[in-house]
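Shared chain: chain A. Partners: chain B in the first complex, chain C in the second.
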Partner chain A sequence: MDALLRVHGITRRYGSGCPQCLDNTGAAAGTNRCDACGSVWACRDVSLELRAEEALGIVGESGSGKSTLVKLLHFDDAATSGYVELARMPALEGVDDLYAEGCDWSRDVLSMDRYRQRKARDASMGIVYQHPHLGLRMGVSAGGNVAERLLSAGWRSIAAMRARASELLERTEIPLSRMDEPPRNFSGGMQQRVQIAKALSGDPAILLLDEVTTGLDLSVQARVLDMIRTLREELRLSMLVVSHDLGVINLLCQRTMVMKNGQVVESGLTDQILQDPQHGYTQLLVASQLQ
Partner chain B sequence: MRVREWMDRDTAPKGTFAFLDDGAKKDVRRALLKAVAIPGYQVPYGSREMPLARGWGTGGIQITLSMLLPDDVVKVIDQGCDGSVNAVNIKKFYERTARVKITTDTALASVIQTRHRIPEEKMTDRQILVLQVPYPEALREVEPSEAQTRRMHAEADYGRMWLHLYEDIVRFGEIRIAYRYPCTVNGRHVMDPSPIPRWDVPKLHMADTLFLFGAGRERRIYAVPPHTRVEPLEFDDHRFRVEDFSGKACARCGATDTFLDEILMPDGTRTHFCSDSGHCDKRRA
Partner chain C sequence: MNPAIQMEPNMSDPSSAPSGRTRMLSIRNLSKTFKLHMLGGVELPAVSGVSFDVLQGEFVGLAGPSGAGKSTVLKCIHRTYLASSGEILYASSRQGKLDLARLPEPDVLELRRTEIGFVSQFLRVIPRVGAQDLVAEPIRIRLGLDAPAAAARAAELLDRLRIPRRLFFAYPATFSGGEQQRVNIARAVAWEPRLLLLDEPTASLDAASVETVVELFAELRRGGATLVGIFHDPELLERIADRTVRIGDPG
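Moving on, here comes the complex of A and B:
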């Protein structure tokens, strides 16, 4: 399978950094904060490749850098170092100067200006955050939330946008009678489904899922996961699934990376990692799962 | 006539011409040049203290003062009216500090300063319209943070503004903005055209006249140069509309093609008058 997204050594450091940082932080040191200078290495030298129509899981405890990684890839936060490339795809042809002539891969997206970053992102990615209030405007109607990205992309027909929004809300099982209600009136599960509809509005090739089922009760979790699986099949999406729940990862992902203290400690096929964890931390994670 | 020549004449009073010192004028003119070069972009400048409170037209006054020449003819209007207290006071101020001629006739004026209206009479390429602006930021309605709105302008990130209009249409069937209608200038910046009614917005589009906008309290200057596209935000299936005065006419001059003010008469009935008093007077004369 062809890759869609390549990430090379992406790093996010909060603080000035010092010569001792590399020894003082990371999985081996058991912390991501450097004692000498107080810098926090939220995400350190992470590389990955996301292939077409694949779901890649990222698992780890709180503070392991999973969410930071997603934020960096969605340009919500600026990386300290590293670079990100996108494969040539039709949706991105409209972004100026993204690909060099004849190249299958884009230039480094992280070093582009924010305007083109946003265009590239809106054309290729959707994101679903753990908290619906991060991804949704709670005071704006559900339909309006879905339409926001369409408006940014230059759609100017109310009728066409409403048709697209109802199609997506229907797919995510939101009753159309509630399309013009603000999500703040909705239950947690419904809000999460509106968020998914919004993430899908730009017809993305890549969907970033940041702890989407955390905070939902089990039956709602099952429904949301089921829906994500169906959408992945139907829309042939590539997904980056961040979760601390090995069950979610097992259900959705073919490949998995395990993160600890900002670093990747193990990666491989999901089955392999769950059946035969190599790294001590992965063994602990697998063993701590409720049966 | 050059300012310097004028000042060197024996009859002229010695000292500063048009109230502002040269440094202040230079600062404002520099901002004006940049504003004209980037249509619709808000240029920060050092707003000076004026002999009236900020929020009473000090932005427009500073622009006018910094470009006045001795042989200019100035018209000042407030909500279309030449005779309102604020307009009269500003005119007296210009008369005293710059000795310029004052007029109420749009066609005779070389510089027109206005609050909340654009004159009905078509202006020419020899004239400049200075608009007083209370809130220069068109995106303020949707984003309270200045840092964020500046970023949004820099990245042409106007999805939120469009979403605001979309929500209006979904909830109320139409866009509810009566004045300060947001416009895209030169296909790039979304601009607040100052609190002019919708009626006046089309007059900015591809006009012969230079429009200068000054916000004294908010310390911003921006401009629409002549022959620049000024397009109100609209949807393909919900077009921008101006106010509808069909069936109504000015009770003074009988005009049916002007922006009308609705006036409540002492006997409780309602009647309509032209908002542009200079134009109305001219039609009656």
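Moving on, here comes the complex of A and C:
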């Protein structure tokens, strides 16, 4: 399977940084905040490759930097350093000067202007956040939320947008009778399903999932996870799955990266991470799992 | 170098076995030690210096006392465990000789998808998927059959393994241990892997089921598959394996 996304040494630092930062922060130091200068290294020197049709898990406790990583990849936040490349794919051919002539990989998307970043992102990625209010406008109808995304992708026909929105909402099991209601009227599980519909509206090759089932009741969580598994197979999606829950990672992901204090401490096949964890932190994580 | 001088057959080359058959697996000096960080970094050696070959089409049993590390060896081959040292050379059908101990993860996943299967002692599968769908899934995805054909093939296997038809749509989590294990085996043999690793697959089965499973393994072998397995029953091992490799013995 070919790679779709390559991330090289992506880093997000809040604060000015100082010469002692590298020693004072990270998994070995047990903190992401530098005592000397107060800078926080939310995400430090993370590299990864996401392949076509694979689900890569990112697991770690709160503050490990896993959500920051997703935000950086979705340009919700700007990286301090590092670079990101997207593979050549038909959906991205319309983005001006994304690829150098004859190259299979794009130029660094992190250093592009906002306009082209957004264009490249909307043509290749969808995102689902833990908190529905980050991904949805809670006062706008469910159908309108999906249409908004289509509008920014250049759709103009109201009838076509409505048809596409109902198709996506149907796929994510939102009754069409409720399409015109705002998500604030919906349960948590339904809100997540509207977010998924919205994320899929641009036919993304890559889906970013940030703690999408955290905080949902178990039965609701199961339904959302089953839906994600089905969609992944049917739409041949690549997914980056961020979760603190090893059960979710085990269900969805073939490969897993473990983060702590902003750094990747271990990565491997998911069954190997669970059955033969190498790093002390991963061993603690696996041993702490219920059941 | 004089081309007339014949080289000695290289023992670490899995592609040329003395008998002329391909060496499917060539395990060289495999060691595995677990380091337990939560217990102050104590090291537990599981196996050390294991070496053996498996020829293409062979059925090799791993024997040895409980705790000797038989399961560890199988899991190292499957890469569920990371070998601490040594080589696990595998003659893949597309890429030639590969060291499973060091192969990049995406390549291991590709081998698991196309060539190498594993049957554990217990069914560990996706929750909320019915028995027939569980067995049909690898047939659909790996052999490329369409959904009705895959479902029919899955039903045929489950029938042979005497899973009642009324359970086909039920979730195996609710099944008895023996039923679960029969689903597990059906799922593992359904896609006809080229190398199948068996970790006590028959431990929870009744005698009649064991006979069916033995038949299924024999059918896989007639299709050219290679099998490496652990069996708790020495008589069964004696009967179905071509030969036995002892794990845990010095040398």
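Simple rule for what comes next: the second predicted complex is superposed on the first by the 291 of 291 C-alpha atoms of A that agree within 3 Å, B and C clash if a C-alpha of one lies under 4 Å from a C-alpha of the other, contacts with A are read in each partner's own complex, and residues count from 1 in each chain.
Assume contacts are C-beta pairs under 8 Å (C-beta built on N, C-alpha and C of every residue); 3 or more make two chains touch, one makes a residue touch a chain.
Quantities reported herein were computed from a predicted structural model and do not represent experimental measurements.
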Practice problem: Using the touch definition from the top, say if A:180 reaches chain B (first), chain C (second), both or neither. | Solution: first
Exercise. Would you sort A:15 into first (chain B), second (chain C), both or neither based on which partner it touches?
Key: neither
Exercise. Return first, second, both or neither, reflecting whether A:118 touches chain B, chain C, both chains, or no partner chain.
Key: first
Exercise. Examine A:156 and indicate which partner it touches, taking first as chain B and second as chain C; both and neither are also allowed.
Key: first
Quiz prompt | Which superposed partner A:148 touches (first chain B, second chain C, both, neither) | solution = first
Quiz item: Of the two partner chains, chain B (first) and chain C (second), which one does A:188 touch, if any: first, second, both, or neither?
Solution: neither
Quiz item: Is A:63 touching the first partner chain B, the second partner chain C, both, or neither of them?
Solution: neither
Quiz item: Can A:215 be said to touch chain B (first), chain C (second), both, or neither?
Solution: neither
Quiz item: Can you list the chain A residues touching chain B in their complex?
Solution: 114-115, 118, 137, 140-141, 143-144, 147-149, 151-152, 156-159, 161-162, 180
Exercise. Report the residues of chain B in contact with chain A in the complex, numbered from low to high.
Key: 151, 154-160, 162-163, 166-167, 169-171, 234-238
Quiz item: Can you name the residues of chain C that touch chain A in the complex?
Solution: 34-38, 75, 79-82, 105-106, 108-110, 126-128
Exercise. Would you mind writing out the residues of chain A in touch with chain C in their complex?
Key: 1, 51, 54, 222, 226, 229, 251, 254-255, 267-269, 271-272, 275-276, 278-280, 283-284, 287
